[in-house]
Every structure is written in C-alpha cells, then in structure tokens.
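Following this line, the structures themselves.
Each of the next two complexes has chain A plus one more chain, namely chain B in the first and chain C in the second.
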Partner chain A sequence: MSTSAILAQAATEGLDAASAKGVSAAATAGTAYGLAAIGPGIGIGYLVGQSVQAMARQPEAAGMVRTTMFLGIAFTEALALIGFVVFILLKFA
Partner chain B sequence: MLSVVLGALEFPPIDNLVVWPDAIEGTGFNKIAFINLFAVVATSLIFLIGARKKALVPKGMQNLAEASVDFIQKGIIDQAIGHGGAAYLPYLATIFFFVFFGNIFEIIPVIAMPANARMANPAFMGLLTLVFFVSVGIRHHGLRYFKDALFPPGVPKALYLLVTPIEFLSTFIVRPFSLAVRLFANMLAGHILLVTFAVLTIALFETIGVLSVIGIFSFGMLVGLTGFELMVSFLQAYVFAILAAVYIGGALHPDH
Partner chain C sequence: MITRIEGPTPERDIARDLTRKALLVSPAAIVVFGLIWGVDGALSTAYAIAIVVVNFLLAAALLTFSARISVGLMMGAALFGYLIRLGLIFAAFWVVHDASWMEVVPFGITLVVTHLGLLFWEMHYVSASLAFPGLKPASQTNKES
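Right after this comes the complex of A and B.
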C-alpha cells in the first residue's frame, strides 16, 4: 500500500477533521515540493556540467563563464524556490 | 524504534518563523529590526572608517573597504553592466552588504535568525531595485525606455499582441518578485534545515543506545550545513547584487 493510501485510510478511520486536513496538507505539500524540484534539478545539473566543460576547454574564459553560470543558476533555481514557498503555504497557511 | 524517536521530535511552532516576539515589550523592536539596524550601522562604519585615512597602502578597515569595492567593480559591474556602470557602484555595494549582513546572522549563535527570511526585507529590496532600474531607464532614454521595453524592435506587428503582455509581466512584475522570493526562500529553507538538524541532534543525543551514535552523524551534518549556509549567505548577496546589476544594465543599454 502506498504512503498516500495509508495516510488516506488513517484520515478516514480514526482522525478528526482538523488532523485529517493536516495530514492531507502535509502529503500535498511534500508532493508539490518534490515535483517542483525535478525540473530545476535537471536544469542546474546540465547548466553546471556545461559550464565546467566550457571552463576546462577555455580556462582563460573561466571568469566570464562563472558569472554567467551563477546568473543561470539564479534563474533556474527560482522555480524550485517557488515550489518551496508553495510547500510552506500548503503546510502552514 | 527510529520512527518512535522521529515521531516524538518537538519542532518549534511555526509561529516562531512568522511571528517574532518583541525584544523590548510593546515597542515592536524585535530581532529582525536589530539585525537590520546592525546591517545599516556596520555597512556605514566599514566605508566611513575605510574612507577616513586614504593611505596609499591600505590597512585594516580601509583594506576591507577597498577589497569589497574592487570585488563589486570587477566581479559584478564589469561583468553585468559594462561601460558607464561605475555610477551604480554605491547602490550595488549597499545592497550587497545589507543582504550579506542580513543573511550572515543565520549562522551566528545566540541570534541564529536570517533577517532576510522575513518577506518584508527582500520584498522591499526587490521593489527598490524595480524603482531604481526603471528610473535609470527613464533618465537615460526618457519615455522611449517603456516603448523599447514593451515593444521590442524587430518583431512583426501582429506578434505585439502576444509579446507586449509577456514583456510587461517579465520586466515589471516577475523581476522584483523573483528577486524577493529567491532571497526569501533560500534563507528560510536554510534556516529550517539548520533547525531540523539541531532538533534531530538534541533528540538523538537524549536517547540511550544505538540512536545516540546516529546523533553524532546528525551533529556532523549540522556542522557541515552551517558551513554550507555561510557560503549560501555570501552567494545570495552576490546573486542579488549581480541580478540588480543585470537589470540596471538592461535599462542602461537596452540594445544588448
């Protein structure tokens, strides 16, 4: 039985409405953050990998590549961070 | 057994993250206000004391001030704005130091709270940056700045229906929003991570037997993450400043 099924069963069986809502909020929040982390994870991995390759091929351009890499990471990371904010909102709001 | 311990963990209530008690009762002056005040005073002192002597061979505070100005000039302005960027060094240096001091209190014991994990701080700086780069654009290009920003040249006329709303959203709404959310979420995530491992370490050390041995690893993680958060504090200040520089550069030379 999957975790969410167990949680759903627990929610219907013994728990009152408030804690059932809490459990489902926690499960949804975890799922939301997990989904939000996939894309940026792939993106940052690809970005840094390509940057390392660029620096290795042309060490004299390392400074420029590093700055651009941080910029790219900042933009890519924003999606994961919005996912994290959604997690906080779902869990606690 | 492990799940019993984990289930018994007592996390500080979430109110501690969103409501901070007053340091002096009834004044509204809390830890965040103290950190902000410290950041302002420390930044001013670094540059006031650094600029006092103007020695040819810098020492002490002057060395710190000159090294940081050099870093902001070479690492941020030259890369992101290009020529004509030196005029914006004071703003970027202020932003960099204010963000950095707000972040670094995350790992300073006793205080252990990043000021930028409260949305008011990053949101204000995001809006300030929006006002700043729009003013730079208006000052250098007049109202043509809005025309260039909203109707980029070289696009077929019919596509403006699609391009203009997207450009408006991405330039004037998403930029300050993403600046603020990036800083806020990074610092809050780091803070929660440190809290989690601190609570876990305490809980594991209080148990007797095998689990307190696992506590050593948890403590190691806590130490490692503290170092990681030191890096994150610096990196977020750098990223905030360089993104502000990129936006200012975009307003200054819209053609590239």
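Right after this comes the complex of A and C.
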C-alpha cells in the first residue's frame, strides 16, 4: 500500500496525523527491508548455482568449493542483515 | 554426474570454528557495550551474538543435511534457508523488542559487526590454507622438524 493510500485510509478512519505518519513510516520501512532482501536472494541463488556447477565438473574439489560457498553465502547474507539492522534502527531506536 | 555429496562436511567445521571464535570475543564485546549502554546494552549484545552463532550453526546444519540427500535439495536449502533464517532473526528480535533490557542500537551494531568480523576472521584461515577452517598451514621449519 502506498503512503498516499495509507494517509487517505487514515483520513477516512479518523486517525490523527501523527498516527497516520507512524503507520506510513512502518509500511515504508517494511517495504525497504523487503527490497533490501531481494538482492542477497539473487546473489545466493547465483552463488549456489555456480558452486553446484563447479562441484559437478570437479567432484574432487567439492570440499573446497563448499567451504567457499558457505562463506560466500554468509557474506551475501550480511547485506540483508545490514538492511534488517537499518530497519530496526529506523523503526525502534 | 554427481547427485549428492558424500565425504567431509566443511560447513559444519566452519560453523564450529566460528562459534569457538565468537565465544572468544563475546566477553570483550559484552564488556565494551556494557560500559557504554550499561547492563541492558550488555544483555542486548549477548543476545545478538547468540543470534549470529545460532544463524551460522543453522545454516551449516541445513547445507550439510541437504547435501547428503541431493545437490538440488542443497540449492533449495540454501535459498529457502536464507529466507527462513531471516524470518527467524526477525522473530527473535520481535519476541524481545518490548523487553525492558532491549537496547536496539548495541543489538544492531553487534549483529552486523559480529557477523562480518567472524567471517573475515575465518576468511583469513581459509584463504591462507585453501582448506578447511582453522587449519592454519604449518610453517616450513615445523614440517621439517
């Protein structure tokens, strides 16, 4: 739901401006966090796909590929974690 | 063609090594944030470190378990595991966000810094040995003796 739609709904339901602004801020922060999680999702999908391809080509190197893959996943996940922390800082701090 | 991966489980080794390192650094982090934000800050920091460690262990367990079944399942576990673990982290925060001891700023800082710090620490060993974690290559003199 867009900010203007939330404000319009707030006006019809009789919410005051501060409450409407709070609802709008929460919706915006949630949307931003959701968008921030998309990039790491694509990154992890690509990373694991390439790792599986590497393991299929060279099964004897599977241990090394998995080590790098696990660390790569964790590093990519850090981006989403940063998005989450920014979200909670904006919303709850 | 391989359909499943047998043999060693590097993810579990890495996660155990990360846990060991987290236990080493956690007292220092708790004391530092405790000095800045008080007891609440120390508790929030400890909670954030626990979340990071559980996240690593869960990720490793999911990959290790799924790799033994099939490579396709491992791909699915990596991607959906990511979504599930993000949800669990949010749930872990949501459960305590109203608690009197929860300080959001030290919690957030610890979450990111511990996660990245432990990974960079682990990378040091992995890149040094191109092998499993914690296996720091022995020096030439040690090998000869």
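The criterion applied here is as follows: the second predicted complex is superposed on the first by the 80 of 93 C-alpha atoms of A that agree within 3 Å, B and C clash if a C-alpha of one lies under 4 Å from a C-alpha of the other, contacts with A are read in each partner's own complex, and residues count from 1 in each chain.
Simple rule for what comes next: a residue touches a chain if its C-beta (ideal position, glycine included) is under 8 Å from a C-beta of that chain, and two chains touch if they have at least 3 such contacts.
If you're wondering where the values come from, they're calculated on a predicted model, not measured in any experiment.
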Quiz item: Given the superposition on chain A, are chain B and chain C in a clash or a fit?
Solution: clash
Exercise. Using the superposition on chain A described above, determine whether A:F92 touches chain B (first), chain C (second), both, or neither.
Key: both
Exercise. Using the superposition on chain A described above, determine whether A:I38 touches chain B (first), chain C (second), both, or neither.
Key: neither
Quiz item: After superposition on the shared chain, which partner residues are touched by A:T67: those of chain B (first), chain C (second), both, or neither?
Solution: both
Quiz prompt | Residue contacts on chain A - larger count, chain B or chain C | solution = C
Practice problem: Could you tell me if A:A78 is touching chain B, chain C, both of them or neither one (first, second, both, neither)? | Solution: both
Practice problem: Using the touch definition from the top, say if A:G49 reaches chain B (first), chain C (second), both or neither. | Solution: second
Quiz item: With chain A superposed, which of the segments 81-89, 135-143, 153-161 or 207-215 in chain B collides sterically with chain C?
Solution: 81-89
Quiz item: Hey, what residues of chain A end up touching chain B and chain C alike?
Solution: 63-64, 67, 70-71, 73-75, 77-78, 81-82, 84-85, 88, 92
Self-check item: Contact set on chain B toward chain A in their complex
Solution: 14, 75, 79-80, 178, 181-182, 184-186, 188-189, 235, 238-239, 242-243, 246
Practice problem: Using the touch rule from the top, collect the residues of chain A that touch chain B in their complex. | Solution: 63-64, 67, 70-71, 73-75, 77-78, 81-82, 84-85, 88, 92
Quiz item: Can you name the residues of chain C that touch chain A in the complex?
Solution: 1-2, 5, 7-8, 10-11, 14, 56, 59-60, 63, 67, 71, 74-75, 78-79, 82-83, 85-86, 89-90, 93, 97, 104-105, 107-109, 111-112, 115-116, 119, 122-123, 126, 130-133
Quiz item: Across the complex, what residues on chain A touch chain C?
Solution: 37, 40-41, 44-45, 48-49, 52, 55-56, 59, 62-64, 66-68, 70-71, 73-75, 77-78, 80-82, 84-85, 88-89, 92-93
